[in-house]
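Note that subunit A is present in both complexes that follow, paired respectively with subunit B and with subunit C.
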Partner chain A sequence: MSRQTKTRRLQQRQHKYRYVDRGFILLLLTVFQLFSAVPVVFEGGSFYWQNGAQFLGYIAFEWLYVAVMHYGFKKVNFELEFIAFFLCGIGMTLGASVSKASQLKQLCAIVLGVIVYDLLLWFLKDVRRVMQVRLPLAVLSLLGLAGSFVLIRFSVGAINGAYNWIVIGNGLFSIQPSEFVKIAFVFVGAATLDKLLTAKNIYLYIAYSIGCIGVLFLMKDFGTALIFFFTFLIIAFMRSGDVRSLLFVSVAAAVGAVLVIYFKPHVAARFAVYRHVWENVDTTGYQQVRTLIYSVSGGLQGLGIGNGRLRYIAASTTDLIFGVICEECGILLAFAIALTFALIALYAVKCARTAPSSFYAIAACAAAALLLFQTGLNIFGITDLLPLTGVTLPFLSQGGSSMICCWALFAFIKASDIRAYPKQFKSAVSGGALA
Partner chain B sequence: MKNTTRRAYVIYALVIAFLIGLGFLLYSFAANGSTWAASRLNTHIFTNRVLTRAGAVKDRNGTVLVETKDGKRVWNESSGVRRATLHAVGDAQGYIATGVQTLYRAKLIGYDFFTGLYKSANKQTDITLTLDAEVCKTALEAMNGKKGTVAAYNYKTGELLCMVSAPTYDPLQKPSDINTDTTGKYDGIYLNRAISGVFTPGSTFKVVTAICALENIPDVQKRKFTCTGKISLGKGEVICNGVHGTVTFERGQNVSCNCVFAQLAAELGRDKLTETVRSLGFGKSVSVSGAKTVRSTFDVSKAGKLDLGWAGIGQYTTLVNPMQMLMLAGAIANEGEAMTPRLVQNDGTLGELIDLAGGVNKNIKLSPETAKTVAALLRSNVKNYYGDSRFPNLQFCGKTGSAEVEGKKSHAWFYGFSQREDFPVAIVVCLENGGIGLNDAIPVANRVLQKLLQLGI
Partner chain C sequence: MDVVISISRYLLPFLAVVILAKCLLTLLLGHPQEKIYGYLIDQIDGERYPLNMWETSIGRSKHCDVVIGYETISRSHAVISRRIDGWYIYDLNSKSGILVNGQSIDRKAQIKPGDLLTLGNLAFRFAVVNDPVIQVGKKKRSATPAAFEPEDDVFSTPAPRPVRQTTPQNDNYDEQHKPQLHFTNPHPSLISESDTPKRAPLFSGDDVYSDSARARATLRNARTREVFSLTGNRVSIGRSSACDITVGSPTASRRHALLILYEDGWAIDDCGSTHGTFLNGERVTAPQLLFPGDVIRIGNDKLVFQ
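Showing the complex of A and B:
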């Protein structure tokens, strides 16, 4: 293919992406967020000024971010950011409404997430840089995960049956190390310069994956372990294309799971309630049954923010947030949110096709698949279509670690979009050289 | 690079799986929404697991039996009405499974898939029953503390006019010792005996034996039978309630002669008897406005001649459901066509989603000729034996029963119907260990019927 044709094709491709009007979308987002904030700020006739200030601060932050990125860093497209802002906003609104308290921590987590997102995006610009930190990051993340397990095991102990929370300063902060390892897991897995993607060069990655998933098993965080395993399958497939080996690995994992259940009946007992929640409404099926009852009570349009009952059930703003959205904001909005994650995955596939390097393609697909898989585990887990594993709903569940992780995963998707690095993109188009 | 791009399509598989999951979730929301939303655990409608937000349940005259006022469930002011209609209306906790407040809870609370419980905050759906609360109250009074059931319906339309089950309680003053009591006074208190009860039928079953004989023995009505107070069958004998001497088929029915019907049953044999019992709908459940009746049981597959004789007079292992007997009376009265009883009136607000129709019970197959002959027999029972004075102004037809139960007082039964064109009412009375049909069940039936006659149907 001649250089000219290549350039022309790229221009055509670029033409296909129509830019969504930033200002207009941001305006819509602002209107939506203001409207949904009103019942929270003025709930029950009182005036919660901290919440009001916070919502205004959040909206201001969105405008400021887009302005700085556009005028300062010449960024052209903000689709992913808008989606994340939208989801985070709903999570914060419901969080404020349920807790009746300030969401300062959550707001900080969002801001921190955005910072991590942009730093990571900047870092991913240079694939050679990525390759340099790959091995150190692998070692560091695995050691960190193992270290935190040991730390938790002998200090905090298990919370809700799993050793996955580090608590600092008498409960002021709690960190979920596995969320941060998720970022490293995608990073390490996708980082490859190999032109020929074959089975040979993924052995190290397999070893790293076994290490991570093994520690998660020790932590008894089976939901996250499952997410890691699934992400591993996606990455390994994209790198090697070796269906047979992966089938073998999956079968081995299934056998392993059966053995675990056989030798450790208490693990099986945790999942025994699956499809039997209505027989255990006051014990192990408590949350699922409430989620079902109140989700359908909302109807398609919801009962209105503040009028729900699922909010009074434990974990309503974390694991069960999807049910709260169904009840208070309506099944329509809840399902639209769920569909968003499917669309993000399709967007990642589309970006992967034009990504400047296979690293970007693999990272984007892995990150999008991880988010979609986690969304599925959460939504279908709390509604008893799948066993309940206690994973969070990306961007919507309350929690700092999870929030930062989600933003970071979005950076991988964004990095694969050819418009992500405008300068590089321009030079690529004019020079016709694309890695 | 090209490989990677192609492999990215694996994400499509994940997206498709996710969409299928979402579709299934939406489907299960739609399919189970009304059950889930109506759950006792839903604090939108239940407070401390007591139903507090639901539409009113009214009787046929518009008398409110229970309704929600200012966030509280308010019951009818008469304790007698509350107790008499409890099993039809259902309790506030949902223990009475066949009650309207349990069966139709999703409708009462105003739930639908599209709006959820949004509308229900201000407006719920009311349900009107076919029952007359005053008549129910009279029935419960007439039962005089005995366990059992009284049910009456219009055999032309299927509307249940009276349905009472005892023991019962006042939902406003629920006895605290229901679960701890050992005397048995609350046995089956949450059961609507008309729908969920089965009892030994005793002599009421002789009508079934008679139908079988009429259909299988051509000259049975001309036959003469001899009653010496007992009859030998196989290895034993069936004792009669008297010594009736030489009797006709009709007289045998009048005096409820065991010898006649035990002999006929033994003569007819297992197969013919079983066939008739089946063709009359015993053994099938029907839906009384959504409440499924318990199946009656009749099994003579292992019965010898003696057992067959006992089965022919309603003893042996046979158990019948009172609502089934009411439908049999209705079928005989209505020239072979049995209307299925229904409890809920379709006033248009409930839509077709609910199986209100009732209609003709296709399980009961009785030829118009046989129905007429049997109706005449039952009329003869009242006219020539019980006495029309026991049923003033009613042109009544019927059959009593005193079903023997081991170690306890017999069940007092009566079921029948009026032949008055302007009063197409059939009734069943079953008093559990309540005594003799003639002395104990008939007065209850008459009192309820007179009240119905007085109030109009």
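Showing the complex of A and C:
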């Protein structure tokens, strides 16, 4: 056994935690991404060198990121980053296989997402600094959401029936403000224990939640509103531990939803196709029916990237991306992806027990639950097990706003792990008293 | 091209499962375990409340991490937080406030190991694991009689009871069964050296306490801070107003316990109460002599013998 290996094992034993072999996982990631890129770069016997360069750039970025973080910032555990890189890689490959031009935009979104992730992770290091920012952030995000609604309502208009897209530069870029408010929603919902137990803090958060969900309803972005409401329930439970109150809130929300549908029938019309897609095969149930048919045709290993049929359906790289994965990469990989989000939620719960503050614990559980719920809404929506709400699949669907939001949410999960800040919490990890 | 796609169909799912499985298993299985960072030590009976989180809430509510069921403690009274630059205590707008080493705090205060925290008239010594203060307690404990074998974790074993071999039979005390009292400090593990004079003002050395001390023996209710002078030969304790000392705890029996004065001092006996009488955490099944600093628990009330 080499001296280096001995030292590493000793360090691991001292720190009482393990981490994956960075080089080995990066190598596997590289092989995976190279093999998945080949059908895109050499599609139809042509050589798309720009896409090839972008794939190589993405792989180089992964290696560079890990090298800089490890040797520059002494970070050792990159498991969460590897998972995100892996998911982003699949999303980018499938997106590029459908539309070659979209790859660069997606690559930029990933790089931006990683930058936001690391900045947020750095910012979250000091919980007192975080607590000072909560109130301004709450006001800013609520005003921003309301302002963007007004802007969209009177300038852009509804896109796909919802007022949630700000279009810039003649359609070159579009921003979804509600995605950024998700970050603020988790940020504002979490708090340190001393703030958490004060009544003022609770009332302000309830008011903030009502404000956010209310504006989302006005924007007719019901999918995101549902995600916000679910996240609110998780945060409320984490804050109070009171199941009865949450049941009361849930019942009240259900009654409210019934009243909305009763008095505003056009809202119900959006969900009319739910459980009736086979009766509307070529009209309102077109996408779900094709998704169901093509998903199963991939089998366990899939048809191979570029060989599917679902890619020709509208929104194949956004809302229906999970169906494309099932068809082209196989149900085995698709199932592994879905399971990943569930296990990340479990990881967040584990982290919450040893988190350096209840802020981290609440934020991690809320972020993980948000991602899991969004994944569930997407997968069950396109397979007609839930109403189709048009939410994205985290990290995999095309879209810059969604990508940045997902990376930011991962930062909350990572921050709750005491290993995220090896310098600050070394004494805590190694078992000693405070330095 | 077709060959690559054919290989990819088998290779990609395999690689995906390996990458995800390795990362997720490391995340889930390689996580640090929970541990105890410090303790709050009740200065009345030495009960230790572990601080096993970075932020620990203290209060009367069952939702708190440390639940102290005293009326003088607010439902959510305080939070003790461990930050990267030290420990802090936060007052959650409690009615009775918080004192740190006798000084009232405004909203928060930094605390150090060994500090005395007073919450709702209850005093707690704050201690940190691996702190020198704790080591003092460890050394003290090893100086106790040979029958007591200290363990690695000083907090896992209750303080040894002093030898109390007396079993007085009602009022007819038999001289032959006069107890052989070997006094040792009943609370050797209490942390601070400075506590010792407060706890043992009435006794000295191996001797039993003096007549004068016996004459001014008192019981102090830690919850209500009431002080009862023990007069006569028998003092009854219970929920009933007919008792000499009335305790408000709903789990106390109407006639709960009896204090009897013997030649060697006061002893306590349980009067067949429903929930039992506890002396320094041990249930009283036969009359037990009392020593200064002993804590009698009756229902939710803790009575300190002085």
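One rule holds in what follows: the second predicted complex is superposed on the first by the 401 of 435 C-alpha atoms of A that agree within 3 Å, B and C clash if a C-alpha of one lies under 4 Å from a C-alpha of the other, contacts with A are read in each partner's own complex, and residues count from 1 in each chain.
In this text, a residue touches a chain if its C-beta (ideal position, glycine included) is under 8 Å from a C-beta of that chain, and two chains touch if they have at least 3 such contacts.
Keep in mind it's a predicted model, so treat the numbers as computed, not measured.
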Fit-or-clash call for subunit B and subunit C when the two complexes are aligned on subunit A: fit
First (subunit B), second (subunit C), both or neither touched by A:L300: both
Angle at the Cα centre of subunit A, taken between the Cα centres of subunit B and subunit C once the superposition is applied, in steps of 10 degrees: 120
Which superposed partner A:L346 touches (first subunit B, second subunit C, both, neither): both
Which of subunit B and subunit C A:G241 touches, first, second, both or neither: both
Of subunit C and subunit B, partner touching more subunit A residues: C
Which superposed partner A:I418 touches (first subunit B, second subunit C, both, neither): second
Contacts of A:F380 with subunit B and subunit C, given as first, second, both or neither: first
Subunit B versus subunit C as contact partner of A:C365, first or second or both or neither: first
Partner chain in contact with A:S36 - subunit B first, subunit C second, else both or neither: second
Where subunit B and subunit C come nearest after superposition, their Cα distance in Å: 5
Subunit A positions touched by subunit B in one structure and by subunit C in the second: 197, 241, 300-303, 339, 346, 353, 357-358
Complex contacts: residues of subunit C adjacent to subunit A: 1, 4-13, 15-20, 22-24, 26-35, 37, 54-57, 63, 76, 79, 81-84, 86-87, 90, 92-93, 108, 128-131
Contact set on subunit B toward subunit A in their complex: 1, 3-5, 7-12, 14-15, 17-19, 21-22, 24-26, 28-29, 32-33, 36-37, 39, 41-44, 111-118, 121
List of subunit A residues in touch with subunit C within their complex: 15-20, 25, 28-29, 31-32, 35-36, 38-39, 42, 45, 77, 79-80, 82-83, 86, 126-128, 192-194, 197-198, 240-241, 300-307, 329-330, 332-333, 336-337, 339-340, 343-344, 346-347, 350-351, 353-358, 417-419, 424-425, 428-429, 431-434
Subunit A residues touching subunit B - in the complex, by the definition given at the top: 195, 197, 234, 237-239, 241, 281, 289-290, 292-303, 309, 312, 327, 331, 335, 338-339, 341-342, 345-346, 348-349, 352-353, 357-358, 361-362, 365, 368-369, 372-373, 375-376, 379-380, 383, 385
